[in-house]
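Next come two complexes, and both contain subunit A; in the first it sits with subunit B, in the second with subunit C.
Right after this comes the complex of A and B.
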């Protein structure tokens, strides 16, 4: 009997990844289906649906789902979901597909058929509708107006660009996932399915597990967040994005090794589990914080650590909008369809010489001159200014 | 509208402290009643009932309450309560009082009438019954047998001694409290009624408030506990025992001033409230941890910080029995009668040179040789062994 939080949506882990003979048969069938190329975002979404990470989703969203998620954080059946998970195709492809068709979804970089899909709905997405989605999903509370938002977002918001670059039509319908791509092999021991992380947590007898979202190298602020979580929960799940990155970012395998060293030397090993998930960033700030909590619930986590500017980009969101949004989302009519994973909200953190350790704006009363802060935008330590005073670790 | 946790028992703050004309009238009446001397423990209990700190209790317990609390943590009406709150009198006094009488309860040290009481029940407490209470309330889980317990407890357990020294009879019945004794004057700004601490928390817009129980000078482990609480709650209530102490203990007013300095220099002031409560220690370890949570709920706290050996004495309790007991207490039939304040469980804490800061057994993987530990029994820093390596604060 597991003590862990149940998967989101009340239907258990709704995995649609095929295995064994079923997989082989579906692969054969897929070879004869119309082949549709997919984006990296769709590839990650498919794998998450395959392994139950996106439970209860088992296919791409209908127009009604899309509208409900944009407007009320609810898919059409009344279940909480924070960000549209849609699949776009070109007008030419859409013209060749009719509702009821089965199609094969192909990763164009590897030519691997990632999934088959039974198309239940085909709907056009006008420019205005894409813009509507962007304003609903990506526009922070503090934005003075939609006009101001678009002035900056169209060039500087990678999430907005991703939506605006979608093709003219969306296809909805259930999927059967045929592959987890390179992840099980490339991130052996790190990439897990939710059933695997849940088994690890269960084997350790955990109940309250906090997830720490990482997409950058782990630094002392992350360590501090993780350690607060370890103090107040049964354990922490250091869960790294191992999907696609921007050019110039630190590769996931290097980040994973750095975390290993930190965990080995500065954590009690049996209070920490390291894992990786195959999504790309959407940079949706507050809404992405909610998405992070949603899929972490599926991985078995009851708390989602939300620090400052969670999943943010540039200046689009208020520093703590990804915290306050948890208190503002409307409650689904059925409690079982609500998001159950709650935020573990932590303030801006830093090293303080007077505190003689890590602290946050909630715990440190000292001045700027006493603090070693992370450069917010680059997430690089401002070593240039502070190194001479910074204390050494593990003296 | 307050966001705070409601008082325990579902009846609001059940204050039975009289004020104004009512108080004057009752004082006059009390002068004509039979005068019964009270113990320091009863004095604290009376004040707590007076100011609503012991809500929903408004009088001393009946035999049925006493039995229910010993056996099932429930008073006779089905409300959770962890430790008997009874009032004892000598056989001679008992002989002169009959059920239905009103009596005056007098502090023999000051000759002040602390309360009047309408006696609704008079019951004898045999030696065996007192022993029964002690075994139920004070005997830790790890005690090999009651015989072993008594071998040590009769000389070395101050809580046991207090119960065994009770006189032959208990009187039950509702009280009207006439005085808060020296506390409002002596601990001005520190001693608060629950309605006062609730107002402070409400004025700050707090919802989740953690209580830190203090009966010794505040040291770095306490600071660490409090800071974890500040990180994950809206604020922390540093709540000191200002009741009676053992000879040789640091006086409360000195402790309060030390906390002031620490709060002023090492905390963000508006995340901390300092307060004092008028009880004496019972040294009931796990059960006292529950009592601490119960009355902190009345003061407006939703979390009770429970560290290692909370409210312990000697080796009577397992290091973390006061944490695990929260998961074991039987649930009252009516949810509104349950204890709602939950424990914030923190492991054994210390300074670690390799961690370069405070840590706990949950977060520090290093060895004994790296750690500066508190001497468990004396709660004095083992300065002799560690001072040369200990880092300075506020350099």
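Right after this comes the complex of A and C.
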């Protein structure tokens, strides 16, 4: 009997990945279906639906789901979900598909059929509806107006650009996932299914597990956040994004090596588990923090570490908006439908020369001249403006 | 920012990372054959 938090949605892990004879039969069938190319984002979404990372989702969202998520963080059956998970196709493809059809979803990079899908709904997404989604999902609470948001978001917000570049129609319906792509082989030992991370936690006798989200090399602030989590939970799950990378990104294997040396030298090893997940960033700021908590619940984590500017995008969000959003989301009463993974909120952290160690605004009484802020945004600002609160020192 | 600094062989802020981590990152950048120019963008992208 597991002591871990149950998966989100109240239905256990809902895994759409086929195996064995069922998989072989579906692959044969897929060869005769209409082939639709997918984006890297859809590929990650499909794998997450395949392995139960997106439980209870078992397919792409209907228009009612989309609207409910945008407006109230709820899919149509009343289950909490923070970000639309939709599948877009061109008008030409939509014209060739009717509701009830089955289609094959193909990764154009490898020509591998990632999934089949039974189309239960086809709906147009107008430019106004895409803009509506952007304003609901990506607009920070401090933005004075939608007009102000659009003045900068159109050119500077990658999540907005992603949504506005989506094609004219969405297809909804359940999927059968046929592949986990390159992840099990390429990231052997790091890429895990939720059932695997849960087994590791169970084997260690853990109940309360905190997740640390990473997509950059682990620095001292990340180390500090993880150690705070170890103090108040049974263990910490350092969970790195290993999804699609942009040119210039540090590859996952290098980031994993950084975590390895850090854990080996500075952590009690049996208090830490390292893992990877196959998603792309959605650049949704606070809502992305909620998504991080939602799928970490499926991986067996009861706490999600949310520090300053978690999943931040430029200056679009308040420094602690990804923390306060957890206090504002609906909590459906029906069992399983509310988000159970709670935020482990941690204040602004930094190295303090007078404290002679890592500290936060809650623990350090010293002045800003003594503090070194280690995150990317502050370092960037310090270079740009030579800000005294973030002195750069040559090694 | 970290990527830009390292790819250009620049100095990291003191206490940015543990020495062991910095060694791994420097090793990666020194052995990189296809250099990509890192542009700092207004959009920071996650933790």
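Note that the second predicted complex is superposed on the first by the 373 of 395 C-alpha atoms of A that agree within 3 Å, B and C clash if a C-alpha of one lies under 4 Å from a C-alpha of the other, contacts with A are read in each partner's own complex, and residues count from 1 in each chain.
Here is the rule we go by: contacts are C-beta pairs under 8 Å (C-beta built on N, C-alpha and C of every residue); 3 or more make two chains touch, one makes a residue touch a chain.
Computed from a predicted model, the values in this text were never measured in an experiment.
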item: Partner chain in contact with A:104 - subunit B first, subunit C second, else both or neither; value: neither
item: First, second, both or neither for A:231, with subunit B first and subunit C second; value: first
item: Touched partner set for A:266, first subunit B, second subunit C, both or neither; value: both
item: Partner chain in contact with A:313 - subunit B first, subunit C second, else both or neither; value: second
item: First, second, both or neither for A:325, with subunit B first and subunit C second; value: neither
item: First (subunit B), second (subunit C), both or neither touched by A:242; value: neither
item: Contacts of A:301 with subunit B and subunit C, given as first, second, both or neither; value: neither
item: Dominant contact partner of subunit A by residue count, subunit C or subunit B; value: C
item: Which superposed partner A:338 touches (first subunit B, second subunit C, both, neither); value: neither
item: Touching partner for A:215 - first (subunit B), second (subunit C), both, neither; value: second
item: Touching both subunit B and subunit C, residues of subunit A; value: 265-266, 391, 393-395
item: Subunit C-facing residues of subunit A, complex; value: 156-158, 212-220, 222-223, 241, 247-251, 254, 257-258, 261-262, 265-266, 281, 283, 288, 307, 309-315, 351, 372, 374, 376-377, 379-380, 382-383, 390-395
item: For the subunit B and subunit A complex, residues of the former touching the latter; value: 227-228, 230-232, 265-269, 271, 344-347, 353-365, 391, 393-395
item: Residue ranges of subunit C in contact with subunit A within the complex; value: 1-3, 7, 11-18, 20-25, 28, 36-38, 40-47
